[in-house]
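Two complexes are shown next, each including subunit A; its partner changes from subunit B in the first to subunit C in the second.
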Partner chain A sequence: MAALMQGSSLAATPWAPFDPAVDGAWNERRVRHLLRRAAFGGSDELVAELVAAGPAAAVDRLITGADDAADRRAASEQLARTVLANNAPKRLSAWWTYELITTPHPLRERMTLFWHGHFATGGDKVTDAEALYRQNRLFRDEALGDFRRLTHAVAQDPAMLIYLDSVTNRKAHPNENFARELMELFVLGEGNYTEADVQQLARCFTGWEVKQGRFRFNRYQHDGGEKSIMGKTDAFPDAEAVDWVIDQPSAPFFIVGKLYRLLVADEPQPSRELLAPLAQQLVDAEWRIEPVVRTMLASKQLLGDSAIGRKVRSPVDLAVGLLRSLDGITSSTALADDLLGMGMGLFFPPNVKGWDGGRTWISSATLLARANSLGRLIDHESTRFNSVSPSEYLSQWTDDPVRLVTELEQRLLAVTLPAATREKLIALGRGIDQPERRGRVVLQAMMSGPLAQLA
Partner chain B sequence: MNNRQRLLQRRLFLQQGAVAGTALALGSRLPGILTQAAAAARSRADDGDRILIVVQLSGGNDGLNTVVPHRNELYQAARPTLRIASADVLGINDDFGFHPACRALADLLEQDSLAIVQGVGYEQPNRSHFESMDIWHTCRRKEERGSDGWLGRAFDRHAETAGNDPPGLFLGANKLPAALVARDTQVPSINSPEQFKFQGADAQLVADALQEGSTAGEAMTAEEDELAAFLSESTAAAVEASGKIAAALEQSDGGSSYPDTPLATKLRTIARLIESGFQTRVYYVEIDGFDTHAQQADAHRALLEQWSGAVAALTQDLARMGRLDDTLVLSFSEFGRRVAENASEGTDHGAAAPVFLTGGRVAGGIHGDLPSLENLDDGDLRYHTDFRRVYATVLGQWLGWNPTPILGQSFEPLNVLRG
Partner chain C sequence: MAFLSTHARDSRASNSAARPRFGWRVLLAGCLLTAATTTLAQAQQPESAAEWLPDSTVLYVELEHPSELVDLVLEHPLRPRIEALDAVKQAKSEKPYRDIEAGVSMLEAQLGMPWTSLLSSVAGERVVVAFDIQSLGVAVGLQSADPETADRLLDKLIELARADAQANGRPDPVREATIRDLKVYRVGDARLARLGDWTWVTNKDALGRSMVHAYLDGRESSLASAPHFAAALETRQAGQLWAFAEIERLRILLPPNAIPERTDNPGAELLVGGFFDLARHIPYISASAAVETDGLSVVVATPLESDWKSDVREYWWGKEETGAAPSRLQVDNAVAQIEFHRDISEMWLRAGDLFVDQTIDQLDQADSTLSTLFLGADFAEDILGAFEPSGHLIVARQSFDDPAVTPDIKLPAFALVFTMEQPERMQPQLRRIFQSLIGFLNIEGAMNGRPQLDLTMEAASGGQIVGAQYLPPLSDERETQGLPIQYNFSPAVGFAGDRCVIASTLPIARELLQATPIDNADSSGGDTSATNNTTASLQFGSLQGILDDNQSQLIAQSMLDDGKTMDEATRDITLLIELLGWVDRFDLRFSHGSSRAEVSARLGLRLPTGDE
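For the complex of A and B:
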């Protein structure tokens, strides 16, 4: 009954399920669009499978993920153990890059990365790799899970508290940092609370400490008095203040607004009216993220033509997207460094606000970094596309530059290239005599171009 | 000879020097008398040659522990662990002294090359880093629309003043500061000269493909799609800036010595671009880490040392090349910090704070009073000087651009610049 009512509240909105009979063909182009948004792209094999499955089953498949092969998992765990044994946060980036490239559950990884940017914590300050790794596991466990539970866990997460200078917090002079970011960046958004709320909320977190790498509640330093926060006066014992912040009416809009920017479009800002059905669904689902993500991925709004090419690819989307679309692997150490160079160091967000995304990914510096990183990725000795070297993989098309450009464009780009750009790439290919170089240079030039940055 | 011709002349001279092999390399080691003569010839710059360098101290610099009111009892009482004793400050006058890490800035003050403006801020201060920085960048409150920044708006109105070079340049790997975002002008960012080139065996092929692809081929798509247009213009700007900057940097080896710090390295690159004849009017750099909520003392000392040392090295280098009189360095932070320290031996987000101007033509010394340490706004210093007055001064009196349309209203300039 509840499910029926929920369904009907979405039915007349842009969030109703995409229906191929009415909304447009369910074909390779649309599946690749869904995969770019949800899964950093996908192989030819996966694309064919999801075309055959239809939209609802395709989204189910992404939400569930595929089975993890035992040897992949063993390799990943071995890599993590080595990094942790050396306490090297920088090397953690390489471990995560490996996960992103090889995971059988890319949507979960997409959401893990989203929470990392949302509850941003940086390895330049949190030099304890173990703490960062545990936090990352939390994000993965709750990737499509329960936002309320996740926020409570983050509020007591050692890496977060270290990052926000909140390892000690005394009654006499509460540290405002965590209280402020909880409202501003994690749950409500700026403008939905006052400075007085920050100061009052900060009192609730006095006595919350990190000792020897673990969260500890120090009751001697806790201010147990009454506080007035956003219209409620109470002692807010335990973590009740966190719940009270999440219970504010602006909270579900803030969260679905960020999910909209993640999955649907960078700009313009979605209207409150457009977000309202999603916000309602989030509250109805008791803050479970999965139902809302499922709604968005399967919707007319996301799968319709108007959402295609409405996002700027993040560096991970560019590089990991290239690899996953060509069934590729590469050196995760080298790629992790290049992700940092392109402005997206994993475990190294620019600040507690995370990455702003959209147009802010793009500058002349990051565009050059993208072109150069793509070159290094394609030329790296350990890079394989579909189990063979890039030159060998591309050799199936390099005899015919027109076909080369067409095949790559179809797999890798969200939007159709204008004729003049196609001609330029074809001419570039024709101008290179060695066939083994031809494919790589055309691929690099295509993926470095302006329209290739769209997803 | 207009600017453009003079620039071409200079580039030609430098290129010939490079071809000749040795003249350029010797350039920075010419006998003093020659460099001074060259300097004199170039110091007669008009407004069109004047340069602004913005140094953003990100995170909220503790103004009270930078320009320290060390004798003030309220200051001493509010900072039981963080206060800086009278014996330790670098004296400015009877009431104020610099943090001991600001030795290089204290020297600049001696030389009349540093102006400190006290009590700068704005009404109803926002204590969020991101909102407050946005307010400083855009001169707009959140509820007002528009994403362009104060310098970006200036570029849109005065793009021609930089010749064919970009009107502004950001040195950093982070996203472009909103201050530089313009509607019609692409402001390039460069992280480091080494990384700001196409690399690899096929660099030129890729660069050529991008240049043509982004300028001609994608114009059609771009017309219908703002995001695609933005990407096409950005790519074209990146390819162009990369070539220009590589060429310019070949013409200067950066003579003076700079400290080995990230900020100093960026300022050195700026000095090299200026020396090469680059006509960019505004350069922008950031130094992050001023958000000192806990264990402030050591972190703040290191940051002040880096900032102070880098700005002083740049000042010396500009003096060497005779460009000190037409360069102004503006250092600001999004807010100061709470007057009372917190329990973590740190300070929380505050409000009003000092702004710093360095260069050959500043009216040296402290301008304005320290806001009252008694009559606080929720524990923070109350501003008395709107930050847009600083901008109005910089835009109008320094860059020669009418500040009123850029700032949206008229602000009284400050008396912090000389002739």
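For the complex of A and C:
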């Protein structure tokens, strides 16, 4: 592995830390960009705090979360426990939406959501909300933690095994689902294994079952014989097969490649050379995710001008981002339903591949759904920005439509509005007589436009 | 001359928009101009304001001594508690309340008296609201205790309104006219006149004119002389508020089939089916309401004739129209209790006459399924028919004493109590059916990973209870502190003599098997033949307890559904629970006799004791 990364060094790569003296001003625009990528956006107060802190300290702040993050997590788990009494995955979806909006540690939630899409498991099939919650808590525990430990836990996670039809797995008829997804979707990516590897690896997971919602190893149904997997012949006792898959050279590139698409840019596909320093860092850090994420967030590659507006916002980024940027809150139950309608139901990924992301978020149908959902969010009776109604919050700018558009643009858009679009929004604001409607209509129009779909 | 038919050009709307700061003054002046009067001494005071109203009046509401009602509210023992609520303090600190307060203070200063005294002067005796179906006019009348004070007030208010208009460059908003020396006014769309110590406001010339002429000359036929009104007035009960509605004339305004012959809702039919009969026939209804320190009572009464009770609803009214609800049972921690007379077996068999075709099909399917479940017995005849046509529905708060089987969401227990017609024949059959049902639930539960029920059998109150309880889970089976919602249930069926209890929990089954009857409230209205068809009560102390048991669930729901923070949600739910504690109980009764039907309701408050 070391040979693979030979010659890679962070200081001399695009992953070198962003330096305001050389790479550009550390200002509100750049902080809002960082927050959009790492934290679904942030309030004016947080933006000011991070501008003052500087890039390294700002990333530190995102990695550790707010001071009360630990206390709030305990309260959040208590809320989840209460919600679980209904045993309804959709209710759990509303709970997670609430967490995304209010969490004092948004990067952790960003990464929890990432792992949820990576190790996708859906409530349409796993109807036991408790199992889904336990899996979600695992993702949160390991959000910035140890990928190897996380993968081992997922391999024995009841929700995952139920989702992949692996509730029973007998040596006479090994179930290949988990083995295939482990290599294709979770660790290696397509093209890095053979069909024979899948069949052999599947034998390693025989006897791994789910009983009464718990993982159980049935030693009588486990195939303890030798298997040949990707050049190694062994009995692969316990969970050594998982380690062997993770130890393959393509594994770190696959994982940092996905992190690149999460945090830096949807496209083009990053080159192997670009990813090599990060892959090396991941291996050097014994598969701990946090150092790699820290490197990416603090890098010229992410904080430089060229990365701004290079991603398409997911529905969660769009709606939660709007709320977090305006210090907002709304009915999580209603928003969770709307996220499902926009194709990103929490706990309801479309399939085991999770969400494809990028350009696939955008089509004429999804744009319409996004506009309608944002309209409902802004007009919902429970929606508040900075503790007051949207109309009242926006009234600070509604007397002057030019200022209204400018203030919203600064807070919500990654890229500058073209002059013609800007003029149209200003004219729209001027054309509305009722001040209490003006702000909401302009906000919805701005967020429904194509530029607002970029992060 | 038309009554107040001056077509005053009302430019105030546009001007008030330009000068909103004077809006409140115009509003208050407009409201209080209801005291606009003129002094004519020649007319006689009527015994009732209804003597001035035409006999085409179809709605009449009369409030006696409104100032006493205001005093009762202002001096109510709960008022200090209400004012101590954070939500009330918050509302009082906000601009709308402060604006009203400032406006009232200014008015009091101008008039030299507190607003409560003003109310006593202007409408100290009565307030009447009436609707005349012929002119489509609404009339509001206020009877003053002191005509001289009201006159002074009128002069002052007219002076204020005119001064306000003058200051804002608007024309005089008050137009004056006379009808046979009686001075009348028009302000906007309102026509005003002083008739003795009554001040009347109406929106229609025709109605106003007819009332002025009735005042001056008397009226041959008035609302007061209308037979329905007179009959309704005879049954008036004590209370500050009395209302009358001429249903016969209002019914013709309803679209065809507004009261359907057959419904698609068996639940509604079971609950209020008899009211569908009444709605087709009753000529009028009247209502009396009394507000007292310890609660609010309302009685709605109608005449009743035997012919109005349809044969198909004999199940509801009872044979010979004497179907009576049983006496209430004494139950600890009851939240709701309903006692009723309903021959459900007969209703089931008469489904073809009572329900629409689609509902009949659904009931047929249910009948088939239930007959199978009841081991081939005819569900309507053999099962439902085995009980007397009256029963109890009881909902009660549960006590969750054993943490090992305490669910997260804590539901109340509920039970049905019936009297068996043939206990010896029914007991073994029901016991067998119950055991089969538990077996079925266990098989279905095992297939879906749900906990299992353990059958029990015990002697109780000289009878027997067959029950089933969910077994406590293994300690490491779930991570949660609590348990699923199933642990609210320990279904049971109990027998003692001819009493049969079907209950959601064993404890309530035990309690109900030995529960003793308590006296129901008397059927009122002076009709000695009256029987209580349905009685119900809701006890807020126990309801408060259930909400308190589920406080964390309610807070979570408020956070997720309403976007509240934990502090906000906690405050809201705590307030709700506290408010429920101020209400003692709500009682409802439907009774009917040979000539009268009556719905009476009472909301009782829980007044603070000396040490609260």
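Just so we're on the same page, the second predicted complex is superposed on the first by the 434 of 455 C-alpha atoms of A that agree within 3 Å, B and C clash if a C-alpha of one lies under 4 Å from a C-alpha of the other, contacts with A are read in each partner's own complex, and residues count from 1 in each chain.
Keep in mind that, in the parts below, a contact is a pair of C-beta atoms (placed from the backbone, for glycine too) under 8 Å apart; a residue touches a chain by one contact, two chains touch by 3 or more.
Because the structure is a prediction, the values reported are computed rather than measured.
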Worksheet entry | Partner chain in contact with A:R310 - subunit B first, subunit C second, else both or neither | first
Practice prompt. Report for A:A85: first if it touches subunit B alone, second if subunit C alone, otherwise both or neither.
Written response: second
Practice prompt. Identify the partner contact of A:L188: answer first if only subunit B is touched, second if only subunit C is, both if each is, neither if none is.
Written response: neither
Worksheet item: Per the overlay, which chain contacts more subunit A residues, subunit B or subunit C?
Response: B
Practice prompt. Examine A:S331 and indicate which partner it touches, taking first as subunit B and second as subunit C; both and neither are also allowed.
Written response: second
Worksheet item: Which bits of subunit B are touching subunit A when the two form their complex?
Response: 126-131, 142-143, 170, 172-176, 186, 188-191, 195-200, 202-203, 205-207, 209-210, 212-214, 216-221, 225-228, 230-232, 234-235, 237-238, 241-242, 288, 291-295, 340-344, 346, 348-349, 378
Item to complete: Could you pull out which subunit C residues touch subunit A in their complex?
Response: 407-409, 449, 477-482, 484-485, 552-553, 555-556, 559-566
Item to complete: State the interface residues of subunit A toward subunit B in the complex, per the touch definition above.
Response: 164-177, 180, 184, 190-191, 195, 198-199, 266-267, 309-310, 312, 341, 343, 350-351, 353, 356, 359-369, 371-372, 375-376, 379, 415, 417-425, 428, 431-432, 437, 440-441, 444-445, 448-451, 453-454
Discussion item. Under the definition above, what is the set of subunit A residues touching subunit C in their complex?
Written reply: 75, 78-79, 81-87, 91, 94-95, 97-98, 102, 128, 130, 134, 212-213, 329-334, 382-384
